[in-house]
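Take a look at the structure below.
Read from first to last, the chains carry the letters A, B, C, D and E; within each, the first residue is number 1.
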Amino acid sequence: MKAMRKKIKELFANGDVDVVLGYREDPASGEVKASVFKKDEMLEDMVFDERCVQNLVNYLPTLVARYSKVGIVLKGCDGRSLATQLVEHRINKNQIVALGVGCEGVKVGGKDADKCEDCPTSMSPVTDHEIGDKKQKKDPVFSKVEEIEKMSPAERWKFFAEYFERCERCYACRQICPSCYCEICVADQQEPKWIEPSAKLSANTMWHLIRAYHLAGRCADCGECERVCPQEIPMRLMNNALEKAVHELFGVRPGMDPEELPPLVVLSKEDPDTIMGGKHE
Amino acid sequence: MAKVGVFVCHCGVNIAAKVDVKKVVDTLKDMPEVGFAEEYKFMCSSPGQELIRKAIKDNSINRVVVAACSPRMHLPTFQKALASEGLNPYLVSMANIREQCSWVTDDPDEATQKAIDLVARQIKRVVHQDPLDDIYVPMTKTAIVIGGGIAGIQAALDIADGNRKVILLEKSPSIGGRMAQLDETFPTLDCSQCILTPKMVEAAQHPNIEIRVNSEVKKVDGYVGNFEVTIEKKATYVDAQKCIGCGICQEKCPVKIVPDEFNAGLNTRAAIAIPFPQAVPAIPVIDPEYCRKIKEDKCGVCAKICPAEAIVFDDAPKQETVSVGAIIVATGYKEMDPAVYTEYGGKKYPDVITGMQFERLVSSTGPTGGELKRPSDGVIPKTVVFVQCVGSRDESKAHAYCSGICCMYTAKHTMLYKHHVPDGQGYVSYIDVRAPGKTYEEFVRRAIEEEGVRYLRGRVAKIRRLQNGKYRVYTEDTLVGRAVHVDADMVVLASAVEPQKDAVDLAQMLGIAYDADGFYTEAHPKLKPIETASAGIFLAGACQGPKDIPTSVQQGSAAASKVLALFARDTMVKSPQIATVDPTACTGCLTCSYVCHYSAIEEKEFGKHRVAEIIPGKCQGCGACVATCKGKAITLAGFSDDEIYEEIVSCK
Amino acid sequence: MQIEKEPRILAILCKWCSYAGADLAGTSRFNYPANVRIVQVPCSGRVDPIMIFKAFVEGYDGVMVSGCHPGDCHYGTGNYHARRRIAVARRLLEFVGVHPDRMHFTWISAAEGKKFAEVCSEFTDKLRHLSGTEKTLARKELAT
Amino acid sequence: MATIELVPEPAMIKKVIQESRDVKSYVLKLDKSRKIAARPGQFVEVSVQGFGEATFAVTRTSKDGSDFTISVKRMGHLTKMLHRAVRGDMVGVRGPYGNSFPVDAWKGKDIVIIGGGIGLAPLRPIIDHILQHREDYGKLEIIFGARTPEDILYKEDLGIWENDETIQLHTTIDVPFEGWNGRVGVVPVVVKDLALKPDSRVAVVCGPPIMIKFTVAALRELKWSDDRIYTTLEMKMQCGIGQCGRCNIGEKFICKDGPVFSLDQIPEHAL
Amino acid sequence: MSKWHKLKRTDLKDFLSRLAEKWEVWVPYRVDGKWEFGIYAPDREMDFPESVIHVSMKNLFFPKRRPIAKYEEDSKWSMQPVAADDKPRIVMGLHPCDVAGIEYMDKVFLNSEHKDVLYESERKRTVLVGMLCSEMADNCHCTDRGLTPDSASGMDVAFAKVDDYYLFKGMTDRGKEIMQSEYLKAVGDAPEKRKWPAGKYAIASPEEFMDMYDDKIWHELSDICLTCGICTYACPTCVCFLVTDEKFKGKGERVTVWDSCQLQSYSRMAGGHNTRKTPASRVRNRTLDKFAYSHLRYGQISCTGCGRCVMVCPLKRSFPQLGARLSERIRDKKKSKAGTGARSKED
């Protein structure tokens, strides 16, 4: 933490950053929230620990529009998220100073966050400065996905339909997702009405399928969609299912390489046709 | 909304036998979109089309659905009918109730029900169809001919004579191609060089032809009428502008160990050399692999001696992009390396040579100055065996196809041999003789009957080098049914005709199809032998398949006529069914550009944002970008989301 | 009517190969069940999985997508892109409970009329076998 | 049963007029005998069954009020569908809604109508009204700007106005165009060129946002006070009755408290 | 006035079952640990929580998805208004802030020349049985908004939880019928009036808020807001909606669907022009609408202090705190009189 504050002070002093996006502990409530730190601000409130769950990358586009240089504190997963944004020309890397911090895992509701289970790296794949350790981790397990895959189709649908039914279409999941940045989301488009605007099972199903599909190969599993969902819809599960799919089918883990194009726009003549067919093992 | 005219065709009994056409009309005429509904025996006939025209006039319908055969068959017919009445031709849609309904359904009730559904769906769809205007794109009336062999030269000359500019691209230092290496040509035995050189010179001097040697295609963008071809000129280390072609450099160059490609590797040449005396242009090229100055920074004799100071040791490859309207591919062939035939000792035995090597051995410009001496010891070969079909018609070892020209050139070789060595004996091992061209058969007969060449029917099993320096050729004579062997001084293998090594790379750059062997595929084997599936790209010569000189020349001229016909127009008409980006909805992620096969998507400034833009001329309308765009900022005219959505949801 | 009970199939076919293949099935009079509804697209690369999702939600029993064989795409590479998208879409649909037999993704060339008819028949058969199982995703009414 | 305000009444398209490249006018007649008595500046909500609703200014009302006209520029999906409509097609209509131009308060004044493109549509009823009560008003000046000659609307009316001695009409196009001999220049520039003095005039401005902004600036430069400049605002509207929420400027709803405002009634950011 | 009547807790189910014979009785249920409103059925776990539940009452009067007309696709025009539901209904367990929300909705939908008859019928068929609060939960701040947690104002019947019984009192004629119930015979003492703590989120006046339109603070207030729509869905007074047509198998419905000014699509016009493109402009709209516009329109600010927006916020951002922060800024500005500061130009 000391090292981080020191680094940030240095960056401010050198004029390398205008603002730094980080985590602030509210002295009153003790809650940790995303916050934009400015030069003359005390950095004492800045924290980095297991309470820093939120992915800050989502705020970058707004900030880079207002400041020319933005520093950002990144966990491993957030860094993956940033990588996916860079490759899609969402943010100009020159405007970013990426402060990778060795992440020891975060906690949601007092428990280790689910997303940390399959985390591939403690350190952001994109960094300008690295603070703390870099630990590469093993291949993903996707144990929760596998649990679902063991169910019969009807059971699976029952499981998801119950959640889809509850969706209020508040779009918190979309709004917090760095990768959901369409100018006009397909869910907001009136003609053709691929997704009807009203919150009902059929339209909600369309919404969740499309949300998950659009993130396939782009989602870096920051898990924010699920965390912010007021109805606790297991969106990470769907994201993970597709993360597992792109890993198995194309050998890709999104966000691990800031140069790597999303697998769904990569031309591959070598894919076997079997990927389109039948039950997968 | 909209007022749709619905026309259901009986197609004689083809549809009406299964589908209750009247019921289809009766069921659909009350749909709110339908303003007119009618059935007719043959909608594609003149009276059928007249029905449409009349309904447009009298019933002021503004959309048309024709339920008949496949749109692949008659859509253009009905589009014309609409256009003739002033209605935009893209406001018609066809319901395929013949190929996809009446012809594939057993039960008449089911067929009728399906037909109703199919037509209703098209009615819903057609309402969403937009009027589209054909796109006219200007055309660059310059052609590029890739490959400066005889086919390419002929094509270039014909186009140039038609008063259009041509770029003649050749990857080697001189145009001329394979024909320049040949001694005499069948079936007339006229001197190859003598008939080719004037053409080469004519091409060089033609004001409409720009010859670019030492150059290769690196990239092809664009589309018919507006190709952008990136050409790379290799480093030659000689300034072509300054060089006067005196040849003193190649004389003085101390490195004389470079295998001479022109002579099929039979001798060596200097590291700086003009490829052959009649080369066009007659400018030497330094081979950097061998040049001591370039490799070791020693020597540099050529530069010192060059009267024109044309040597540039720090030359580097240069890329340039040229705009052309049409492309002729005339990259020719290469002779197969017979090394796979280890039993023939190709490559191992110095006197087992290929057909092209034989050409060079008998050529007056060849390594021996036209005297036929065998490579190993310079002895004049008294017995020569010519082996046909080496690599051709032999699927197990090389190619299944027939190389087409070997029967004839082997016959020619035997004659040339007899002319050089009148007391020599030639043998030909053959499977059967294919001589279908004009006076070809007579030519072969002349070899056998007048020159006394012995034709042995059968495949050579093995060639063994004997102690005495002779080569024992084990073969058979199937006509008499026994194994024979011939002890020869030299063996000539009629090695197969193969596509160029980089043929597939070029095909992929051009986006043209190629067959399993690597020869380029014509658009139609009979009716479009010159065209490729890609508009504006034509084929000439042996790159499309083995060919002799007359056929190559014919194809060169044919391709030129295609190009000239294309250039007779000032603009190109392009289908308007292309994709467009709504810049207000685009986020500028540009992922669409990665899936575009035609590089048609570029970046553009839109206000403060960066957005994707589709170049209308380049877009071919495949829709890959549309499916990639998550925000649906891209619309493909003719296959918009609206139209497809309506088709999906309006099926009952 | 009997047709009502038959499974409904949406076939999204590319215009150059599979649609032509379907035409050839007709020209060659290879019969197949009358429950197939073909939507023409210029290229399988145009197929946005949103179409497949919508088809299931709108109540189709099965969805089939077919384009040119790999290497034969009229537009060069559209079918390669389609292959990846569809592979992912299939995983997602299976994951939320669509029976794998309800999806059929394949390549049919313009010359494969017989294959088209066979695929339609076999696919219909498969769906008939599924008639007892739940048609997941399919909405039943306007308000669902 | 009481009517649900948001459910439209059926109306039939009596006539379709192609005004310009991308603008069509529709003469509509309500199916029921109810008449649409739209005052100048009011608007209606027009529905296409299955495609929702959009807002259109009433651009003309027939004398007996039995039918009325809207002009539709092709923008989104609903307008695209409307553009496909033909005579005899049915649409849904709600309204008229909104306030109107205070034409009665303007009596005795000189009126300047400044319209850009489709922005002339809501202003045409004012002109119609003045021409019907010509003696009540002073001079009538019309400035109409279009992007190109192909974008000029209401050509028939322009012809009539041109020949009416009591009207001064200035038609302008944005940039030079082959075959166009008339005035060239964007509306704000024309306003400045004409050096319109406030005197006893009232100006009514409507057009694309950018045109309104600069025209207002030009008028202010010519010393016009805000209470003399009127405009009719456009924003995304849906219900038309001040309930759905989205068309607010501050506490005012354009659909209910507007769409007609004089500049002194609205904050600067509304322009 | 009438008196308070006792209902034994053990009699609650019988009481409700009896009511359900005539009315549709809506009560709070707990489903998967979450509260929601539903029609009373004896076998479901129900209770009356002390403070508001996270879903707002407005869904019962102005549903999320509300068909207003039906049509047949096979016809050029067949749009028929839906019939309003007039089945008598009791909604039980509303809190004073909920009632204040309903009163606000009345102003929007009923005090207008264009009355919303569907809303009106929902109101007409409903007897509001409100529950007086006995305590203020963490997020409650209705006292800052001029409400009293145990005020029965606007209710047809008021009730309070006391020890092992409930106290009921009929407030209006409509409520009287319920009071006839045989389970409400026993008369009890009026529930004790409490003194409620003053607010922690006092806010400035509507007029003062109006001056803040151009302030640069909106960027600060919006910088971590996701601009999702959940706070507006949960809010009892956010009634924005969109009108759209939905169809399936030849049948269509025109529906109103809740919309939210926090979403980017809300003000986007065909052609791309969007008057509220930035998050800051959307946060500003919502804040000013709650604290100023509503007052100028209807004479009542539209924040009832129920605290639901805080409950549901994915980032647990406190909207009342935001209002207080803004008010603080207003005070600071007044004090310093330093002028306007940098005017933000973002739209």
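Assorted remarks:
Here is the rule we use: contacts are C-beta pairs under 8 Å (C-beta built on N, C-alpha and C of every residue); 3 or more make two chains touch, one makes a residue touch a chain.
Keep in mind the model is a prediction, meaning the values are calculated, not measured.
The fewest steps needed to get from chain A to chain B, moving only between touching chains, is 1.
Look past chain E and you find the other chains held together by touch in one piece.
Across A-C and B-E, it is A-C that has more C-beta pairs touching. In this assembly, B is the chain whose CA centroid lies farthest from the centroid of chain E.
Centroid to centroid, with C-alpha atoms defining each point, chain B and chain C lie 35 Å apart.
Between the CA-based centres of chain C and chain D the separation comes to 50 Å, rounded to the whole angstrom.
Work out the mean CA point of chain A and of chain E, and you get 33 Å between them.
Centre-to-centre, using mean CA coordinates, chain D is 38 Å away from chain E. The set of chain B residues touching two or more other chains comprises 584-585, 595, 628, 641-642, 645, 649. Residues of chain E found to touch two or more other chains are 65, 73, 75-76, 242, 244, 246-247, 249, 252, 259, 268, 271. Shared interface positions of chain D, defined as residues touching 2 or more other chains, are 51-52, 76-78, 89. Chain pairs that touch one another, listed by label: A-B, A-C, A-D, A-E, B-C, B-D, B-E, C-E, D-E.
Put simply, chain E touches chain C in their complex at residues 65, 67, 246-249, 251-253. The residues of chain A lying in touch with chain E in their complex are 31, 33-36, 54, 58-59, 62, 66, 168-176, 184-185, 188, 190, 193, 196-200, 227-230. In the complex of the two chains, the chain C residues touching chain B come out as 1-3, 8, 10, 15, 19-20, 22-27, 29-32, 34-35, 37-43, 45-48, 51, 54-55, 58, 60, 74-78, 81-82, 85, 117. Contact residues on chain B toward chain A in their complex (touch as defined above): 584-591, 594-595, 610, 628, 630-633, 641-642, 645-646. Listing the residues of chain C that touch chain A in their complex gives 49-50, 53-54, 57, 70-71, 77, 80-81, 83-100, 105-107, 133-134, 136-137, 139, 143-144.
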